[in-house]
Every structure is written in C-alpha cells, then in structure tokens.
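Same chain, two partners: chain A is paired with chain B first, then with chain C.
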Partner chain A sequence: MPNTFVKIASVTVGAGGASTMSFTSIPSTYTDLLVKFSARSSQTGTDNSQANLTFNSSSSGYSDRLLYGRGSSASSASSATSYITWAGIVPAANATANTFSNSEIYVPNYAGSTNKSLSSDNVEENNSATDNFLTLLAGLWSNTSAITTLTLTCNGGNFVQYSTATLYGIKNS
Partner chain B sequence: MASTYTPIATTTLGSAAATITLSSIPSTYTDLVMVFRGNNDAGANRAGYIRFNSDSGTNYSYTLLQGDGSSAGSGRDSNIAQSFFANVLGADTVAITQIMNYANTTTNKTFLSRGNSASTVTQAIVGLWRSTSAINSITLSLNASNYASGTNVTLYGVKSA
Partner chain C sequence: MTDTPTKIVVDCSTGAVEELPLTAEEIAQREADAQAFAAAKHEEEVAAQEAAAKKAALLTKLGITADEAKLLLA
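For the complex of A and B:
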C-alpha cells in the first residue's frame, strides 16, 4: 500500500538563528499540504512575536479570520488584502527560557487552480499570567497559482536555534 | 514503511447535491479524518451538518467556539437529529474533522472539527453521537441549501500501529 502521508522536507534553525524557514520546489504531486512547526523568536523587549506565512514569495492577496484566547477571555480579529497571513504566535526574548510554540497549518488543494484556503492551529504556553496564546485561524490566499514555495518569517527578530518546521504531503489516492 | 494514513474515499460533486455520503467505511482503522473543501449554492451562510450511520434519532449534541473577526463566542445544542460540523459559505470553506475510535462498539463517538472560512468565521466544534455502534457511513447535509458543484470531501483512515 502506498504511503499517502509523506515528509517532503524539514528545516531546523542552527546557531545564529534564521530570518526565515522556507520550503521551495514543493512538488505538485500531493493533494494537501501540512506544515508543523515549533519556533521561538529573538525579538527583544517582548514576550511574544508573530510568525507569518507567505506562498510563492507573493506579497499580496492574503486575508484571515482569527480566534484567540490568552487565559482569561476569547477574542476575534481579521485582516483583508494583507501582504502576509498569520502563522501563529511564538515566544520572544522575554518569554520563559527554552520555551517554543507549536503550530499546525493545513492547506487543501494547494496545487489546484482555485484560491488557496488554510486552517491553522497554534499554541504558546509561557507559564505567565498574561502572555500565553491559543489561536485558531481561517486563512485565504486569493491566488490560483499552485503553491511551490512556502515561507515562514518572524515579524520581529529571527527564529532562534532549534526552531523547526516540517512539511508533509498528503495524497487522497 | 507501512502506511498509517490512508485515503478511504474521496468525492467531488459534479453538480449541486443536498447530501454527500461516504459509505462502507471499513472498521480497520483507529481514527478517521475528514477533509471538506467546498461551498453551498445559496450564496449565504449555511450550517453544515453531519450524521453517522443514517441515524436520524435525537442522539447528537455539540459545543462550539468561534470568532467572526470582531467577536468571539460559544454555543451548543443538545438532543438533535444531526450535529453541526462547520459553517459553509464561500469557496474558501475548509473543515477538518477528526473522529476518534470510530469503530469501537462500547463507547459513544466524539469528534473534533475545525471549520474555516477566511471571509466569515473560524470555528472549533466538539460533537457527540450517543451510539456505541461502529461508524460505517457519514452523511453531510446543509441547512436549507445544497452543496455546490465542485465541493470535495476526502475521508482518511488513521492507524495507531
């Protein structure tokens, strides 16, 4: 029986950090993509930093709808016609040492000729009264191109050493 | 390497349909994952429903958490004839539904669903079907509309070993 849940590539950030974690030359032979990543930012002066996602190095056409909780109440936000979409909250320099976020992003029909929707779940637990996040996101890249490149970036600072991301391909046959 | 994530069935609607049914689900997996990508033909926000084994008794309940871009909320319903699994509006609707331990014959069945439409809402739903029967079919329907042509549903079986 063929394996239909396949690791395409994996990235681990080395000493010195990295501004991005990228997957290029993504083959079009799967049905869906799944990205799992664990990350932390070097951004100083804050507990949290935002990780962002772009496809094919495109800087337009993103929108999203976000639901998040920080330990006391739940809130919702949205953005439209953005140059990025949200990939999650990651701990930054002031967060508990050695603590990383965990995130999962599912992209169905990534190689099709329709706009690209995604589902993203993200958690950051920081043993803090205020700076913890659980986020759920619906995202859309209004572009009919097949996704061949996927890039995660930090809104501030770099991804620190030991941040990791793995890209999986899922086939429906 | 043995495959532990296996496509069981996939269907793409060639024309609008009131229901989508995935039948003859084998009991050989541990969990099920359903990936829904589609739209309705009403051009308005519609509730997507899920029913197991064609059971139309009032054996379902659910609780949801959702955000519409400006506010967050939670809701639920009990003793209903089918469960909610996602709002469906716009071609960007994606729902990923995980049904745990679906083939056992001693416990009721619980599922987790993540409904997503970047233009309307993001949701997390927990649903319960109060039946100890193994799940052998899944039927999706909509409130007062049809699933639009092009709607795609794939069901995967996940093995723990």
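For the complex of A and C:
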C-alpha cells in the first residue's frame, strides 16, 4: 500500500513564545502539502489574533476570499496583501483560558509551475457568544515557483507555548 | 524594555530547529499587519452595529417584533 500521507516536520512553541513558525527546505517530492496547526496568541486586549501565511518569504502576489461566522453573524471579506490573511484565526489573551485553535491549510500542486491555490479552514475556540470565529478561506499565491518555505506569522503578540504546527506531504500514488 | 520577538525555523531537509530573533524589518512589518487587522475588525464591528440599528429602527417603524418579522419572511 502506498504511503501517501507523510509527516515532513513538526514544531511546538517553547516557553518563550514565538512570532512565527517556518518550514524551510520543503522537499518537492510530494503532490500536495497539508499544514495542521493549533495555536494561541499572547496578544492582549482582544479575543483573537490572525495567523498570516507566506510562501518562500515572498511579500507579493497573495489574494484571498474569506467566509466567516462570528458569534451569530456570518459575513465575507476579500483581501490582496503581502500575505494570505486569515490563514488562521487563533484565540488571544481575552479568549477562554487554555484554548487553542484548530486549523488546517491545504496546498495542492505546491511544486508545480503554475500559480498556487490553497484552502484553509479554522475554528478559533472561545467560549463566547459574540467574539469567536469559524473561517473558510480560498487563497491564491500568483507565483509559479515551487514552494520550498512556508511561514505562519502571528500578527499580534506571539504564538504561546504549546502552539504546534505539523507539515504533511501528500502523494497521489 | 521588551524582549525581541523570535521566529522558529524548521529545516525540513535536516530536521534542525532554530529559534532566531526577528529583524527590524520583520518587526516593523508585523506591527503594520497588526494595525491593519485591528482596523479591519473595527470596520466590521461598526458595520454590524449599523446594520443592527437599522434593523431595530425598521422593526419599530413597522410596529412588529423580530420574531414576527421572521414569520413574515418564512
């Protein structure tokens, strides 16, 4: 039976926290990439922080479309910035203590020579009736380079201790 | 004085994990991104409040409750 779902690398944030988690020198031997991460932010004064995504340390060519639920409302947003916004939404200092997000990002055909699409789904995890997020995102990196580096950045505060990210390689045979 | 933020870098070819301080440029970018996110959230909250106020005003004008409005639209 082919081994089609392979853990490439994993990271867990230590006691000091960290603002970013990066996977570098990603091998091109798989068909797709999958990142599963569970994180929390140290940012104060808010229930949630954003986890941004970049590839190959590039700061251009990103766009995304987001559907989200927050409390009892649902809405959508678009952006085109120097990173994929809302690749993750994580609980911050005001959120329920000791809760971490559940998030995953799927990147098909990451080593090909076409532009790179991705999807992301997240739950923030917060025991609040009004300030919690569920998100579903479609993203595009308009760049034909193979993805060799993938970086998640906490845009406010740091990822706190025990935040984790694991990168998997997916093969189609 | 605050500690310099750090980044964790995992080299997938070797499995080596490094924890490095952010550069000044990376710190500045992070601060700009955080401000943009806060502004976007604020805009969304203001829009939601405005929509709720308009809805309440309309219900008052019609003299019906939100549940009665749902019945009309069902």
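Keep this in mind: the second predicted complex is superposed on the first by the 168 of 173 C-alpha atoms of A that agree within 3 Å, B and C clash if a C-alpha of one lies under 4 Å from a C-alpha of the other, contacts with A are read in each partner's own complex, and residues count from 1 in each chain.
Keep in mind that, in the parts below, contacts are C-beta pairs under 8 Å (C-beta built on N, C-alpha and C of every residue); 3 or more make two chains touch, one makes a residue touch a chain.
Owing to the predicted nature of the structure, the values given are computational and were not obtained by experimental measurement.
Colleague: After the overlay on chain A, what do you see for chain B versus chain C, clash or fit?
Modeller: fit
Colleague: Under the stated touch criterion, which partner chain does A:77 make contact with: chain B (first), chain C (second), both, or neither?
Modeller: both
Colleague: Applying the document's definition of touch, where does A:8 land relative to chain B and chain C: first, second, both, or neither?
Modeller: A:8: touches chain C, not chain B.
Colleague: Which holds for A:114: it touches chain B only (first), chain C only (second), both, or neither?
Modeller: first
Colleague: A:172 contacts which: chain B (first), chain C (second), both, neither?
Modeller: So A:172 only meets chain B here.
Colleague: Give one of first, second, both or neither to describe whether A:61 is in contact with chain B, with chain C, with both, or with none.
Modeller: Touch status of A:61: no partner.
Colleague: Just chain B (first), just chain C (second), both, or neither: which does A:27 touch?
Modeller: It touches chain C, and chain B stays clear.
Colleague: Just to be sure I read the superposition right, which of the two partners does A:16 touch: chain B = first, chain C = second, or both, or neither?
Modeller: After superposition on chain A, A:16 lies in contact with chain C alone.
Colleague: By how many Å are the closest C-alpha atoms of chain B and chain C apart after the superposition?
Modeller: 12
Colleague: From the superposed pair, tell me which chain A residues show up as contacts to chain B and also as contacts to chain C.
Modeller: 73, 75, 77
Colleague: Which residues, counting only chain A, touch chain C once they are in their complex?
Modeller: On the chain A side, the touching residues are 8-11, 13-14, 16-27, 43, 46, 49-50, 52, 59, 70, 73, 75, 77, 81-83, 85, 153, 155-156, 158, 167.
Colleague: List the residues on chain C that touch chain A in their complex, please.
Modeller: Interface residues on chain C, with respect to chain A: 3, 5-15, 17, 19, 22, 29-30, 33-34, 36-38, 40, 44, 48.
Colleague: So in the complex, which bits of chain B are touching chain A?
Modeller: 1-7, 10, 35, 37, 65-74, 91-96, 114-124, 152, 154, 156
Colleague: Which bits of chain A are touching chain B when the two form their complex?
Modeller: On the chain A side, the touching residues are 1-5, 31-32, 63-69, 73-78, 106, 108-109, 114-115, 117-119, 121, 136-140, 170-173.
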